[in-house]
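Each of the two complexes below includes chain A, the first together with chain B, the second together with chain C.
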Partner chain A sequence: MSTTNFALFGAKPAFDKPLPIGQLYFPSWQRYEAAFHGIFERQYYNNNGPLHNKLEEKLQQFLGVQHAICVSNATIGLMMVADAMGLSGKVILPAFTFIASAQSLTWAGLKPVFCDINLATHQIALDQISGLIDKDVSAIMGVNLWGGSCNPKELSKLAAANGVQLYFDSAHAFGCTVDGVSIGNFGDAEVFSFHATKILSATEGGCICTNDENLAERLRSIRPSYGTDNPVSIVRVANARMSEAQAAIALMSLEDFPENQKNNETLYRYYETQLDTIPGLHLVRPTGVSFSNYQYVVCSVDEREFGIPRDLLIEILKAENVVARRYFYPGLHRTIPYVNDLSYYQDRLLNTDSLCASCIQLPIGALVTAQSVERICNILIQAHQSSAEISSRYEK
Partner chain B sequence: MSTTNFALFGAKPAFDKPLPIGQLYFPSWQRYEAAFHGIFERQYYNNNGPLHNKLEEKLQQFLGVQHAICVSNATIGLMMVADAMGLSGKVILPAFTFIASAQSLTWAGLKPVFCDINLATHQIALDQISGLIDKDVSAIMGVNLWGGSCNPKELSKLAAANGVQLYFDSAHAFGCTVDGVSIGNFGDAEVFSFHATKILSATEGGCICTNDENLAERLRSIRPSYGTDNPVSIVRVANARMSEAQAAIALMSLEDFPENQKNNETLYRYYETQLDTIPGLHLVRPTGVSFSNYQYVVCSVDEREFGIPRDLLIEILKAENVVARRYFYPGLHRTIPYVNDLSYYQDRLLNTDSLCASCIQLPIGALVTAQSVERICNILIQAHQSSAEISSRYEK
Partner chain C sequence: MAKKSGVEELAIFGGSSLFVIPKSTSNLLRPDFKKFLSYSKMFFDQHQYTNNGPNVKLLEQRLADFHQTEFCVTFCSGFWAIALTISALALKGKSEIVMPSLTYRRMTDIVAWVNLKPHFCEVEPTTLAMSAATVRPCVNAHTALILAVHPIVNCCDIDGLVALAKEKNIPLLFDSVESVYESTASGKVGSFGNAEGFSLHACKLMNGFGGGYITTNEAGLARQLSLMRGFGFEDIDKIVVSGGMNAKLNEMHAAMTLASLDGVEEQVAHNRQRYYIYRRLLPAIPGIRLLEFDERYRAGYKNIVVELLDSWPLCRADTLAVLNAENILARAYYSPPLHHKPMTFANASAELPVTDRLAERFLNLPCGQLVSNADIAGIVDMLGLISGNANRISDLLRENGVE
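Moving on to the complex of A and B:
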């Protein structure tokens, strides 16, 4: 393949329209229409509605957890957890995560302390945490990335040994298990995202899981922005109610979970087989889990081996209508407002910086077929094979 | 009517099923089905979707405002405004308002300072504000209550004279005008609620309005919880995106506004005519506006004149399936966490305490008919006429 075959240099794109990154599993019109007709008939649209309550029950069964508390999105779920747990001072979390993990702390009046990550797994570097703990640290927020886990059992030991609390941003981890136990059951609480790009979709939404009765009661009191007639003492209230429209989609999505997980895994295996043959592309495996949702395909690009820098590869793919992206980028220590402390993090977050400079996320989910994966991998193979020519032509 | 005719004492309730308080105007199945079929067809469910964008445009036209920025609910809208305006320290607001007005400040890291209200209008007491301003106060949050206004023009002068910023919680005030100018155009920004109990309903939702270009840009950057590739400098991001499902309902509701406002006004006039004949029931008028949405019917109960205490009157109405409620209750200075400063507010919020002890909210909106109003007013008249007998029988 000569460079003239690349859309970046004027050829016809490999895909007619942009192939998106996310999961985007939606129900059929028949099921959707039935669900929304029911909402219309009941004229019950929000706040502990019948579909919302059914969803919480089904989630509790599915995950084997005492309390699944649905919320309007995962960010506000994380804010509520920080508040309900009574955290103060500082909270340790990885620098390599979605911006909302840190922002939830800032809204809750807490200071994030960023920890580096493990280069192979992309998960928080367990051996670096103890060094960050001082008297102002009240908790660790584990983040379960890419359908893998950050090793919640080891983190539990670490948190207990240091006398701090532990909870999880499990936005990526719905349906994953650790030694057969569903993620959602670890630490004091875990928060899932039900955004449309996740395997369990409420189009937008989330859920807090906990096995702590008191914490659950506080969370349920914080959620509806009611007054102070709450049965338990809480500090703040939020408006974080999940609507019936969200719950309707999530209920159908939960029904479809086994099928969608299987589809993801099949696609992931196609990617795996082919990516493993390409020098300089390192697919991250969902580690630390006994079962994964396979909702992400993330590689790091070794520019020297692959022959093309990460950002140019993204340009090549975008021109072909493959919506690849650098993700996460940048590390949270380089985002507003945390960048003010950048000098403190100098040389402390080298793996984070390295991954932020080399990571690429590829499409998987409802709109991706085996043929799409083959076509994407072909582009990658040919980009590698024509790397010298591409680089030289691109620079001109 | 003897006490035996009251449901509280065992008679058949005046209404077969509970008559709710709120507006609850929803579209017909035909329109609803068409809107939700469109969302399904587009598979575009959230985040700057086509319906969302159309709604923002239509709101801007309707209100004559430069920027209408839709959000998932009014609470997070208020949090975003506080952040986008760069407020610090303390913010003055009335103690007689919904809990979310104050909680938005607490989440934004600010300290609310509660001001008393005017007994006749229920709005913030303009003559008390200057006395509360010190070097730590960065803003005033006006609250436009009950379809009336808190006099935004006077507040603007007051804020300017004291060198503090000004914005409004206008959750109650969609569609109202002050000297012909729509609420939404005053201060630095105003926040509307589109909760189902409001005249403009997204079932849940809200909108921030501003004529300040820079503030609008910051708000649009804060809203989607994206990264730091924002065109303007912001401190925090939030997930506050309005979904297409919310926008679909709001668009239909905006179309219906003239009809729903008219229906409200007609019902309000029925109430007015009859309540004015009952000693000890004082209906609050929407003051300070040239046009009102009439979305609330709120009275204060003078126990001495009326013959029955407020809380017993609510019990009487509830037994008849009239969902009357004390609202607002209690004053915000008596809610968690602000109650910690209660000693500071001792004797400073007497009007607030008085209204919290005497206010009652009655049903108005889609599910209320002229006949319902007549029946409710009949119960009130007869409760007054039988007050001695009721009180004595209730105490036994």
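Moving on to the complex of A and C:
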């Protein structure tokens, strides 16, 4: 393939329209219409409606957790957990995560303590956590990335040994298990995202899971919930109820989970087979889990081996209508407001910086087929093979 | 609905409830299903279910047109719409927010999330609305913002509040959740102060399942808020403002709101009809006064509020207990007022005798799309039964140990 075949240099793009990254599973139009027909018939739209309650029950069964508390989105869910757990002072979390993890702390009046990550797994560096704990740290927020886990069992031991609380941002981890136990059962609480880009979608939405009865009661009062049996005293409500519309989509999505997970895994395996043949592209495996949702395809790009830098590769893919992206970028410590307020972390989180400079996320989900994976991988192979020519032409 | 002939038939004493299906104060508008589906098809075909999708964009344009403002920004709820707007507008380094106590029960929770201290003001005894006169004594060197909340029937004196905010150079945010359709002597609600906030909860005039929005004529504020609701992202990987979170409205909720907006004139006509029936029937019941809409201006007629006058023969709590047992889900108007609610966060102590008195006197009566003309007649009859038999009801309540 000559550079003239690349859309970046004027050729026809490989895809007619942009191929998005996220999962974007959604029920058929017929199912959508039927579900909403039911809602319009019942005229119950929000405030712990029948679909919402059914969803919570089904999630509890699916995850084997005592309390699944659905919320309007995962960010507000994380804010609620911080409040319900009565956290104060500082909370440790990885710097390599989505911005919402840190923003939830800021909204809850807490100060983030950024921990570096393990370069091989992309998960929080367990060996660095103890060194970050001081008297002001009240909790660790583990983040389960890329359909893998951050080793919740080890984290639990670490948190207990240091006398701090532990909860998880499990936005990426719905349906994953650790030694057969569903993520959702670890720490004091876990928060899943049901955003459209996740394997379980409510378009927007989330769910807080806990096996702690008292914490569940506080969370339901913060949400708040109508008809709660035991409203308890809390500091403030968060108005985070999930509507019947969101619950309807999430229920259908939960029903489709086995099929969607299988589709993800099949696509992931296609990627795996082909990416492993490309020098300089290192696919991240979902580590630390006995079962993964395979909802992400993330690689790190070794510029020296691959031949062109990560950002140029993204330009090449975008021109082909493949909406690849840097993710996460930049690290939380280099993002407003933490870049200014917590400047201490600059140049101290070398693995995070390294990953932020090399990571690339590729499409997987409802709109991706085996053929599109093949086409994407062909672009990557050709980009590698023509790297010298591309670099030279791009610079001009 | 079987009319009751005597006190003994009241549900609170073991009779069957007047209504099988509860009659609430929630609007519960059911917009046209075909319209909802037609809007839904837009996002369905584009596979864009949230993140500023086609319905959100259209809705923001339609709502800006509806309120005759330049900008509208939608959010996942009215609560977070107001919280983020306070956060964007509040004067930095100042600690207090002036707000009424006789208002929405979650208002102090909003203020707690933005780390400000509520400084409660009085309301006018005749209108239940805060005014420049009630706000002025509360403004001080610590004031970060004035949160002007319209009452649920009619509006505050907008011009007076705008003039005061201007004089003191303090940001002014209107909470216009109950005044979506309203016009006033100052003009149509939506374009006053720095911004105005609204709710799209199913119980409000516009049913969007849940959601909220802000209208404003300030380009900078609109931009800041639309960034803040989406984590502060201006572009992929580029966060340009602090204070962000996820407060985005999803496409299904936007589609629902668009369908609700399409039917708003028809809805208001029905609301007006319900209101007129209450207005025609209530004068026959002594001791109760309907809070009337100011019909010199456009009104949404959604809420029905009555005052229990000194001559009303039963205490409000008992009146509510009797009504609620009949599945007439009347509610005490903003009671208890916020300054009497336990707060574990900072607040300025307040003595509000006018608010205290008013908080004991008003009731919200059932309204909205599930209340028929016949239902209203039944509700008013029930009030008549209570009014005419108050002593007997009181006695029976005590005998039955209901209190």
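The rule we apply is simple: the second predicted complex is superposed on the first by the 385 of 396 C-alpha atoms of A that agree within 3 Å, B and C clash if a C-alpha of one lies under 4 Å from a C-alpha of the other, contacts with A are read in each partner's own complex, and residues count from 1 in each chain.
The definition used in the following text is that contacts are C-beta pairs under 8 Å (C-beta built on N, C-alpha and C of every residue); 3 or more make two chains touch, one makes a residue touch a chain.
All values reported here derive from a predicted model rather than from experimental measurement.
After alignment on the shared chain A, the placement of chain B and chain C results in a clash.
In the superposed model, A:Ser149 lies in contact with neither chain B nor chain C. Shared-chain residue A:Phe36: touches chain B and chain C both. Of the two partner chains, chain C is the only one touched by A:Pro20; chain B is not. In the superposition on chain A, A:Thr203 makes contact with both chain B and chain C.
Contact with chain C, but none with chain B, is seen for A:Arg326 once the two complexes are overlaid on the shared chain.
After overlaying the two complexes on the shared chain, residue contacts for A:Ser225 are found with chain B alone; chain C is out of touch.
When both complexes are overlaid on chain A, the residue A:Thr352 reaches neither chain B nor chain C.
In the superposition on chain A, no contact is made by A:Ser386 with either chain B or chain C.
The intersection of chain A residues touching chain B with those touching chain C, taken from the two complexes, comprises 24, 26, 29, 32-33, 36-37, 40, 43, 45-47, 72-76, 79, 99-100, 103, 106-107, 109, 195-196, 203-204, 233, 235-239, 241, 243, 245-246, 249, 329-330, 335-337.
Those residues of chain A whose C-beta lies close enough to touch chain C in the complex are 20, 24, 26, 29, 32-33, 36-37, 40, 43, 45-47, 72-76, 79, 99-100, 103-104, 106-107, 109, 195-196, 201, 203-204, 233, 235-241, 243-246, 249, 325-326, 329-330, 335-337, 366-367.
Of all residues in chain C, those touching chain A in their complex are 28, 30, 33, 36-37, 40-41, 44, 47, 49-51, 76-80, 106, 108-109, 112-113, 115, 201-202, 207, 209-210, 231-232, 236-237, 239-246, 248, 250-253, 256, 342, 344-345, 370.
Interface of chain B with chain A (complex): residues 24, 26, 29, 32-33, 36-37, 40, 43, 45-47, 72-76, 79, 99-100, 103, 106-109, 195-196, 203-204, 225-228, 233-239, 241, 243, 245-246, 249, 329-330, 334-337, 339.
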